[in-house]
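The same chain A turns up in both complexes below, where it pairs with chain B and then with chain C.
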Partner chain A sequence: MTAPRADAPAAGQAGRPGGAEAARLWPIVALASLAVLVIAAMAVTPNFLSVENLRGILRNAAIVGIVAVAMAPVTLSGSFVSLGVTQSAMAAMVGFVVLIGWGWPDWLAVGAVIAGMVAIGMVQGVLVAAGLNPVITTLAAGAILFGTVSELTGGRIVRMGPARPAWGGGEVLGIPLEILVLVLFTGAVTLLMSRSVIGRQTILVGANRATAAVSGISHARVTLVAFAVFSVGLALAGILNAAAFGEAMANSLTGLTFSVIAALLVGGIAIQGGAGSPWQAAAGAVLIAVISNMMVLNDFSPGGRLAVQGAVVVAAVVLIDQVRRRRARG
Partner chain B sequence: MTAARALEALRPYLLPLLVLMLTWAVIASVTPSFRGAASAYSVLEGFALAGLVALGLAATIIAGELDLSVGSMAALAAIVMVLCEDAGLVGAIAIATAAGVAFGALQGWLIGRLGINSLVFTIGTLILLRGITYMAAGHEPIMIERFEITDPMLDRYWVFSWSSITALATFGLAALFLGYTRWGREIYAIGGARAEAVSAGVPRVRPIAVAFAISAGCAALAGALAAARGGSAAPQNYDDLLLTGAAAALLGGISLYGGRGNVLNVALGVAILSAVGAGLAVRGTAASLVQLVTGALLLVVIGGEFLADRLGRRGRGRNGMSRASGGLS
Partner chain C sequence: MTTGAAGTGTAGAAGVPRLSVRGLSKRYGSIQALDAVDFELRAGEVMALLGENGAGKSTLVKVLAGLVAPDAGAVAIDGRDVDLFPSARSQAAGVAVVHQEYSLVPAMSIAENLVLGQGDAPDLWLPWRLAARARRLLEAVGLAHLDPRTRVERLSVAEMQLVEIARLLGRDARILIFDEPTAALADREIERILRVIRRLADEGRGVIYVTHRLAEVFRLADRVTVFRNGRSLPALPTAELDVAGVITMMLGRELGTMFPGHGQPAGAPVLEVEALEAPGLTAPVSLQVRAGEILGLTGQLGSGAADVVRCLAGLAPPAAGRVLLARRPVRLDSRAAALAEGLAYCSADRKRDGIFFGRPIRENLTAPWIGRVARAGLIAPAAERVAATPVAARFAVDVRRLGTPVGAMSGGNQQKVAVGKWLGAAPRVMLLDEPTRGVDVGARAEIYRRLRELCDEGMAIVVASSDTAEVFGLSDTIGTFYRGRLTELRPRAGWTEDAVVREVMHEEAPA
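Right after this comes the complex of A and B.
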């Protein structure tokens, strides 16, 4: 079709049915490796299974997980990934801090940030739906957002002041708020993708855009909905972070983009789209957080942890791709 | 006849050339200090960092792929250059660049051999290389101790410095390689219409390995030159090089659909962005505004290219189909 696609012809349509199967298989592989990791972690790190530590792991995974789950529909629909995650979530974070600082009530500020982010996401969605390259479009949008926020804040830290919401960084029924939002949001997006018409259409468009178009499924509508869901996740992540820290700046959340994509890939969501489920992205985020936590408890340097994380992504990507090909062939 | 043919040969450069002249005129008119040799010098300096990265990225875009790991590669090469200072200025830069070429060739070979999506693979190596960079630097900025070895980097010859001369020489070499060698032409073939090229006997893996070797090598050279110029390197640097590099390559007229564009296009794109950056810097504008402008320009360019492709395809009937299907993304 008119919109360019990233998969080389070799990895094209012929690989798709196998891709779906491999995506179904991958969660089992991922869960098995998670189990092996947890057992290994218990063996070498005495503190690993303490409630405090487990809660810490989930808390670390929560923000990345929320955004990764939110990006899943974009990837599933065949629009790859956003390279402007950090800047978008940062814009939501700074926006929330500023609105609270102005004395807006919590609920109004939350609503305004979500609405604002959805508007920004829709602009990108329209461009991508029209046929622009999603990776470059989101890269450019991220740069524009970063530049705008930096200009508006003068590069300084903005603070909420005394109006900081009491629920920031808090707990509900003993469960940290971020984790609760991650669980609820993952459930909602997963249901949306697997049970609703638009969700099924999203996966069909990602699996085979030409066939979907012939069947009367609107690629534009699917892309817009995917970007709207993504924007809600970005807004939630920014708001939760802002409420927990009470301050934000243009350089906040650096590295989030690649952590989120890593979670998505390690979770086994096919980058070409059409195969996978949003909850896998959350599982990928938790898996990476577990590995990261094990390394922290075993005194790995930050650079060493990053290197291992990168190696895990490369290994997972190659492994998933090989499994998918094997299945497609046999 | 010859005039018409000359015009046809110039056609791919007309739009970027026009944009460059416009940008230059606007900047020179609003910023009186942006004139003459000083402005030429600062624009040429842009070739040494963002320009080299754009050149490397262009090779992968022409091959119908994309190398996202260039920023991390440049940061690692800068650290390697500082760590190897005992090899002397040229030696240290050469070691860092060679390491980049070797890594890129391996990365490209794996991508081609496994037939894996290059976006995904290079996101993994982007994280991996950044981790290695932090470890190699010991998690803090490092300095060249025998700082006298970097003295030649500060010399200035009219509008040139050793870094811009090195960068321009690399552009020249890349132009010859991509335009006139078998391995270079293969990159175009594989990016323009991959299935057809492979059927016609073009190897599937080698052009991709070569393209990624060029991109990592150029990024490494850029990082090493910057470290030599500044006498130090920090492991967190160069996160935004991907944006600037991609913007420059695409601004100049490298096609995102693969197989089209050449080194002259990249040079024009770099000159445009470099002029914008230098012009804003003269006015004392923050770097964040440069990012904003870069992002906006990038959006305009890919939008324009998309529209041109649409209109062109309508004119040419269905001929555009196979080209778009082979492209990256």
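Right after this comes the complex of A and C.
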């Protein structure tokens, strides 16, 4: 085999020439395709550029974006993705509805849900740090959460009742709350990854775990922090959704896992870790929302929309791979 | 093994070279890796390709392997112009390459690796034929004792390199290219590989041999081509050259001395090891290192020299014994613990655990000590650059390229990053395993000089190396290992280079 080591599966943890460069180049590609899409959308869909529509797009992107941004550190650290996104966010959502329904003050309920989610996330983080496969760990955690919530709610819808927070689904200075949270959260996590010691270490562990170990960087600490950040994002997404709708059930948020992973991939974050930045996940979420919106305005069937979304993910992954290979070759 | 047909029959008319390269150029961004290079290889000869780190050797190899498309120039094989890009064309044209970086798949068996990337591998479906074929190839490189079903990740570096060569033997190739095949090996294995390569050439193939070990050149090569800054010098017969002449051609100047002087280590020991028992050792090891002293540990691969260093680095916790740093016992149960005590460690396999391949040089340099640059857990980019620059400069890493992924640097420059980064951690003891692997003569002398400087400033240094010349030239005290045992330990004055080599081979007759 004369393929460069970069392309051999063997490279795995060790080396991915061009990975970082591809990640650096990818935002440009992503932005360019976003621009092309917007222009195309304007041409074929008259209502596309209305303030209402744009706001709708961002709103749709917000929940997915928040969770995708939150998951970025897990992916960057080399722990792939969580397959329990839907169930975790749903648990946060149901939890918040129940607490508000019990008459807890808003701030206390928010704090409790975040703390609870972080605790659940840390347990998964500990298991992954101890060497368990992250995909299986998160899948199992998702199943446990779903089972528990189903059992406790008896599969019925839970409602907040009259105590529903006034800010649910609301706006701050004319900006929908979800969008504001997405922007702030994306900024915070992006800064954490690019400017903090733990963020740098997260990316280095993802780039090469063995070298990181020799450099005295703790894989366990990085994994725990990554899962904690992830859990905060899950809690925020669940709370925002619960506050907007005032009710929740065990089957809420289906499809979120796929959308979040799609946003991550379309955003160009290296699935093996070690290259990329959280804001790219937010960009990926917006890109996907734009595409779905175009399809809605142009009367695509739900099945057709899903198929196109899948195709976009595949196209993005292929494109990233091409960029990476080209770069590796020089 | 599939020999014969590959070479001898198609040796071509006299005067038509097996391979001829004319005016080949390749640019990476602002770097002209190859600048109108000419190169010629005859059937049946071994052509050594030499040059400093970054001279463009691997780039030529990659062009010939079809991994990189050249910007300009022509390549002809047996007189016919060929296009070698992409790699499938290069393979079809009869070019086979052992790359500088390993390309085996660790999770697969030896036998599976041996057929990887060979389009028609009908054997793959018949495990016993796969194994039989693998056994034949392994035998040809002196690995007959290995079970072909062994997973590659369980092999030593030397064995991996030999498997990599065995894989080439499985292919009909007219042109064989070896990019530093011995960089990771000790004398005994090198001897074995050189014999195999010589035989392959004698069977009529053309062999290109890239190396930084000049002694090999004079044992193996018929002719020598030197690259300097991406340009080629005319090939010369080895018989007309000597080591000093080759070095001058490579550097464009004379080297001066390879090894710096020796220190006068004085005072109390910084590092004391008492009756240490660790994985890879068969008898307890005791030794001491003083400030300003370089202790060289040498032996064949697997002799235990590297294991002592790994244990002291906290990578293989000791089973028994005591380790004292400045008179105080230290715990070595994790790498982080050892690092916190001031024990820097540079591994022998930089790609595996020495560098972050795809990350910028700056991040590589600061990785073990980023906490020192940070305030309240936050990194200021300017502060990081300011901290990384002198570390890079100290080890002659181009400070203008701090943003470049380290993987895009030549192998020697990667090694300088792997060693040099530890300076930022201000360690008390520097532990190095094979510190000059794949490093050119100039940079090697540079690294030795830097290490000696650090020593003169009061650091204690332990070097494990299977290169006896390196250990003899660099160290103040020399310890030899044989089969997991420290056999001799005394000041350099008590050694000759021959004595070191004999002690390393121990009672065995030289191979």
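Everything below uses one rule, namely that the second predicted complex is superposed on the first by the 316 of 330 C-alpha atoms of A that agree within 3 Å, B and C clash if a C-alpha of one lies under 4 Å from a C-alpha of the other, contacts with A are read in each partner's own complex, and residues count from 1 in each chain.
Quick note on the criterion: contacts are C-beta pairs under 8 Å (C-beta built on N, C-alpha and C of every residue); 3 or more make two chains touch, one makes a residue touch a chain.
All values derive from a computational prediction rather than experimental measurement.
Q: Give one of first, second, both or neither to describe whether A:41 is in contact with chain B, with chain C, with both, or with none.
A: It touches nothing on chain B or chain C.
Q: For A:261 in the superposed arrangement: first (chain B), second (chain C), both or neither?
A: first
Q: Between chain B (first) and chain C (second), which, if any, makes contact with A:290: first, second, both or neither?
A: neither
Q: Looking at A:240 after the superposition, I want to know if it touches chain B, chain C, both of them or none. Which is it: first, second, both, neither?
A: Neither partner.
Q: Of the partners chain B and chain C, which touch A:317 in the superposed model: first, second, both, neither?
A: A:317 contacts chain B only, not chain C.
Q: Name the chain, either chain B or chain C, that contacts more residues of chain A.
A: Of chain B and chain C, B contacts more residues of chain A.
Q: For A:201, decide between first (touching chain B), second (touching chain C), both and neither.
A: It touches chain C, and chain B stays clear.
Q: Counting only touches as set out at the top, which of chain B and chain C does A:72 meet: first, second, both, neither?
A: Neither partner.
Q: Across the two complexes, find the residues of chain A that touch chain B and also touch chain C.
A: 2, 4-5, 8-10
Q: In the complex of these two chains, what residues of chain B are touching chain A?
A: Those in contact with chain A are residues 64, 66, 68, 110, 114-117, 119-121, 123-137, 139, 194-195, 235, 239-240, 242-243, 246-247, 250, 256-257, 286, 288-296, 298-299, 302-303, 306, 310, 313, 324-329.
Q: How about chain A: which of its residues touch chain B in the complex?
A: Answer in residue numbers: 2, 4-11, 80-81, 83, 127, 130-137, 139-144, 146-148, 150-151, 155, 250, 254, 258, 261-262, 265, 271-272, 301-311, 313-314, 317-318, 321-322, 325.
Q: Please give the residue numbers of chain A that touch chain C in the complex, ascending.
A: Result: residues 1-5, 8-10, 14-21, 195-198, 200-201, 203-204, 207-208, 210-218, 274-275, 329-330 of chain A touch chain C.
Q: State the interface residues of chain C toward chain A in the complex, per the touch definition above.
A: Within the complex, chain C contacts chain A at residues 26, 28, 62, 65-69, 87, 90-91, 96-97, 99, 101-107, 116-118, 167, 313, 315, 335-336, 339-340, 345, 347, 351-360, 363, 367-368, 370-371, 374, 377-381, 405, 407-408.
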